[in-house]
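Before anything else, here is the set of structures, which you'll find just below.
Note that subunit A is present in both complexes that follow, paired respectively with subunit B and with subunit C.
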Partner chain A sequence: MFKRLFDWLRQPLGLIAVGIVLLTVFSLAAYGIFLTQQSSAQPIQFPHRTHVGFGIQCLYCHPGAARGPSAGIPSQAKCWGCHQQIAKTQTSALLAPLKQAVESGTPIQWVPVAMVPDFVQFNHRAHVAAGQNCEDCHGDMTLVTIAENPQVFNMGWCLDCHRKAAGEDEAKLLKLADCGTCHY
Partner chain B sequence: MNSKIPEIKLSEEQTGKWGMVIDQDICTGCQACVAACAMENNLSFVGEVDAGYGRSMHWIRIERFWEGEYPEVKMTPGQPMMCQQCGSAPCEPVCPAFATVHSQAEQLNLQVYNRCVGTRYCANNCPYQVRSFNWRDYVRPEPLPNQLNPDVTVRRMGVMEKCTFCIQRIHKAEDKAKSEGRELTDGEFTTACAQACPANAITFGRIDQPESLVSQLIRKHGHGVKHLEELGTLPSVTYFKGG
Partner chain C sequence: MSENFSRRDFLKLAGLGAATTAVLTGCGPASRFVRREPYMQMPEYTYNGLSTYYATTCRECAAGCGLVVRTMQGRAIKTEGNTNHPLNLGKTCARGQATLQGLYNPDRVTDPIQKARGTALGRESGNLLDWDAAIQVAADALGKHKPEEIAFLLGLAPDHLDDLVRELAEATGINPPLRFGALSMFEARATLSRAAENLFGKSGIPYFDIGGAQVVFSFGANFLETWLSPVSYTRGFAQMREALSKRRGTFVQFEPRLSSTGAKADEWIPIRPGTEALVALTIGRLAFELIGGALPRAFSDVDPMQAAAKSGVKLETLQRLAALFAGSPHSLAIPGGPALGLKNGLSVAEAVLALNAIPNNFGKPGGVFFSAPAPGQMESSRAASTREMRDFITKLADGDIKVLFIHGVNPVFELPAEMGFKDALQNVEQVISFATFPDETALEADFILPDHHGLESWGYQQVGTGTAQSVLSGAQPVVSPFYNTRATVDVLLAAAKLAGGAFAQALPYVDEVAFVQHRIAPLMRESGGPFSAPEIGAFSAYFQQHGGWWKKGTDLLPPNPADVLNRDLDQTESEFVGEGEFFLVPFVSPTLAEAGANKPWLQELPDPTTTVMWNTWVEMNPATAHDLHIENEDVVVITSEAGEVEAPVYLYPAIRPDTIAIPFGQGHSSYGRYAAGRGANPADLFGLHFNQAGDLAFAGMKVTVRKTDRKQALSRMESLMGVYGEGLGQEK
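Our next item is the complex of A and B:
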């Protein structure tokens, strides 16, 4: 039984069949990997590169980072403050959703990119106050068009930096490596 | 780089950091603390079927007992019972997954939900019976999810949970104090149960600071009881009765 199958596979037609199967599996896998590398579909293709390039501070649009746990995403009112005076706003297809959102008063539904699971409590304020730069965790935003996550926010990554930050300070290490600091 | 984790101190030397004082003489047993706790900490409502199996979930409950022989029976005053945040907790060493660990920084018993695999050893070993287990993913009908507290993890099926002394409030207050460049002051924040108590029967604060309100109350009453202290659990909650 198995020998018959094996013999059939060894003739040219069989080899082609095997080749086709392998090719299909390989291209499906490649496509799957390609999909995971795509940045999420955002309602507006917001280019960080251009805006940060103009010298707009991160904290102008994400002021929560200096004040509290979450950095926040700017509302369309903040975008409109600049964009209603920019001629391109009336013509650019990229900006049409923004115009529409302002006119209809419906909030823009951004897709979250940088996030930790629900059971982790992260706090931007403590990090910004301790002098951590946005780039340390979010990468260089002047290079990206649509925000993406340059690194996985896993526990080893958090603890690695916390160990370094604590240095020789035992009490600080206790605090920064304590499960209750991040999980509750 | 300092990578050694400091040795766990022997229980006898442990003093505790956060503590609670409960005056049973002014507790009316109104259950406001129970409701406040459930709201603050995203507790699930198990429904009557599961409650019938004794699977109701509370982080705090009001205990009352009958005292004396019939017909001379009377009821004891209400006794709010929550995790006593033992300095030497019986729940901790029995966890095979190290999900219930002692916080060295805050001196509390932690329950790391994502680490918990649901063996329920800890609940069986807790002399105060204050741990509750998520037997199911209990549904919250709309619009109840809107009142979930974002600072507290929503637990899932198969996870043990218990009172945390509102650790999210501790962190929030500490963070606020740090952002203003000062030390945390006594009474600046309190737990949900203490905040809700209409009679002020529950007081929360630092038991390691002699000038804090809880320490003053303990000194003033002088006859506080720590439940099941004889087991060597070093509880952080002190009860007053008949003062």
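Our next item is the complex of A and C:
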């Protein structure tokens, strides 16, 4: 019985059928993988532009960047510290989720924008300490509402910058371009 | 594979597929479907993505081991031993590891509550209070009664609460606090202390330097399980067994039932219960005969032939053991556990301690010492013996006590039912419990004013024994309290202020932290500590950061051995009460003990000798069981003069045929979902008989065993096929 099936598959019509099945499977897999790389919508259309425009420093809301691996998303208590004094907070539709979250005591579920894979051990602190500015990697926040990544955070991009930072210094290059610097 | 599609092609195609998948997924995050919840209120000292570690003290038993708890974003996630803490040097036991399951236990008491006695905890049966009302209740209890009508019953640990209540008692004349725990009953602490007093002229818990010993004889001391300070004694044991730098030490355990400590011994001597003192003295005599010289008075009366006959240990064995003991200058004999819970327990303790005079190891490495007194430890603050508890219960029953405060102990479960604690509470006007969990005693209270869990509390604990150094172990909250609970010290401070009069003057502290600082302040002037600071704020911060305060070097006190052998020691066999045919050896479950049963990790942890989990069992020798036509897992009823207990049989070859054993730790009627309604409590069997030092003769009973027609499967790790041949078609 299997022999008959194989024989049929070997004739031109059969090969076309095999091709169609393979293509379908591949497309489905590709679509599935594509889906995992799409992020869901932000709970609040947070206007970075406005906040930076008011002169608020990045590190005011993301202080973790200066002292640890993760920059952190501000607690809503921090948001509320200013917003409870702003009349618009009570009326604005944009701010309704914040008001609701604070009043009901439920955390806001933000969607992270800048991410690296789990096998990359990224530490903000070292980069801030080395004199990098936030916008060097994250782009100019005066131009965007929700933060957007100006580039893909891939290894080539990281290494490119690490090499430039090392310059002619061999010892420094050894440290900055070592696999174990980011993958451990 | 067909001719057109070769193995090589297949591999190529498979490789291509794998590479495609890797390229498509491998260079980005595995998924972008991620949401992040920031804190609503960011706790202080919290850095995103970084753990914070806090040093504190383990409150699972009274030993006082130091912990370092790893917290992540305000949640305690792992406990480990504090490497610098002299008692446990970075190690913990299973109970220390499981302390997190107390913190996150779903059955904690979450709010202060007024309730009807004897009812389960629930919104229907009780009336939730706010803390102002709850403190008013405590204040009225203090202020509206005569001082002698107020009593405090506290847990075994000598902690800051004990000190506070002691201060309150001294200033106002209320009854001094009574400290008790089931472990002190099973360890027979009062007996050890009294034996030391009789032999050395000074009371106190002896410290046994197992680590420095070469030959260790233990008479019932289960020092690798729960005895006194199991983590430190386990470390000492490991040191004794270490064989790289010296000869590996030898360990002999004398006990009728092989405990998990005994299972680690080179030799297990299953002596007849009640003959411990006789055997010890016989070994003493035989050892002296080997050494030569005049036989000291202590050992002169025993007849080795008779002793061999009575104890069931062959004379040659006794001679061989005596030679072993006499053969090393670093021999050590330790009395403990069920051997002291006999009617002649004090004689056993004295006889075994006297054996140490053969190598004369008193005050020498590998020998017997008095435990180093902890900073601030008072002679008067020792734990109550079981007889003192009985006297206290009589006072309760007589109505002499109108208000009883209970903290850190669960006497309804831990004390023998025969003692009637629960009934005696009927004659107490008001019972106020500070329980963290709805245990049996808390349910008998009128009010529960829940204390924080140990990992949420400030404090300190005096380390009574187990280390050569003088240690005050520090405790601090590692997480903010989860529930509407309040530190008992704070409640008492507030209540005393409200109560007015002498009470208001007695405790001039702002809060718990101020009290702790007040108590540790004298240490600032002591030299030899691990840190120093010019003012109390910094000193107290160092105290919490290091996990306590201890002096470098040893603070052990040498006992005075002058009169040890120059006295008559009692060799008579212990009497046993009850008519039954079996000796009963109750032993403490190393993991559950008095308060572990509400933690699933501990329930799930197989008992070290039987591998049974989640239940109570009765250990019986297979030969005995065969004679009685009892099979594995048959439910039997054990009857003593005081009561009955039902449990399935576990056929245990490592127990004398005339002895049965049952673990203590299960049999809770409440205490949360994991503990309640599981197994049986052997304390129901205990009659009120005491040894000469006032400790309960819990192992001094004879009981009957009656088979029922029921079977109950025991969940266990070991394979029944391997042990009993079940499923192999062999005879069971």
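We take it that the second predicted complex is superposed on the first by the 144 of 184 C-alpha atoms of A that agree within 3 Å, B and C clash if a C-alpha of one lies under 4 Å from a C-alpha of the other, contacts with A are read in each partner's own complex, and residues count from 1 in each chain.
Everything that follows uses one rule, which is that a contact is a pair of C-beta atoms (placed from the backbone, for glycine too) under 8 Å apart; a residue touches a chain by one contact, two chains touch by 3 or more.
Here the structure is a predicted model, which means the values were calculated and not measured.
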| item | value |
| --- | --- |
| Which of subunit B and subunit C A:Asp118 touches, first, second, both or neither | both |
| Contact breadth on subunit A, by residue count: subunit C or subunit B | C |
| Touching partner for A:Pro74 - first (subunit B), second (subunit C), both, neither | second |
| Partner chain(s) touched by A:Val144 [first = subunit B, second = subunit C, both, neither] | neither |
| Which superposed partner A:Ala166 touches (first subunit B, second subunit C, both, neither) | first |
| Contacts of A:Thr181 with subunit B and subunit C, given as first, second, both or neither | first |
| Where subunit A meets both subunit C and subunit B, residue numbers | 67, 117-118 |
| Subunit B-facing residues of subunit A, complex | 67, 117-119, 121, 123, 125-126, 129, 163-164, 166-171, 173-175, 177-181, 183-184 |
| Complex contact set, residues of subunit A against subunit C | 6, 10, 29-30, 33, 36-40, 64, 67-78, 102, 105-112, 115-118, 154-155 |
| List of subunit C residues in touch with subunit A within their complex | 2, 4, 21, 24-42, 47-50 |
| Residues on subunit B engaged by subunit A in the complex (per definition of touch) | 1-3, 5-6, 101, 103-106, 108, 110, 112-115, 151-154, 164, 167-168, 171, 175, 178-179 |
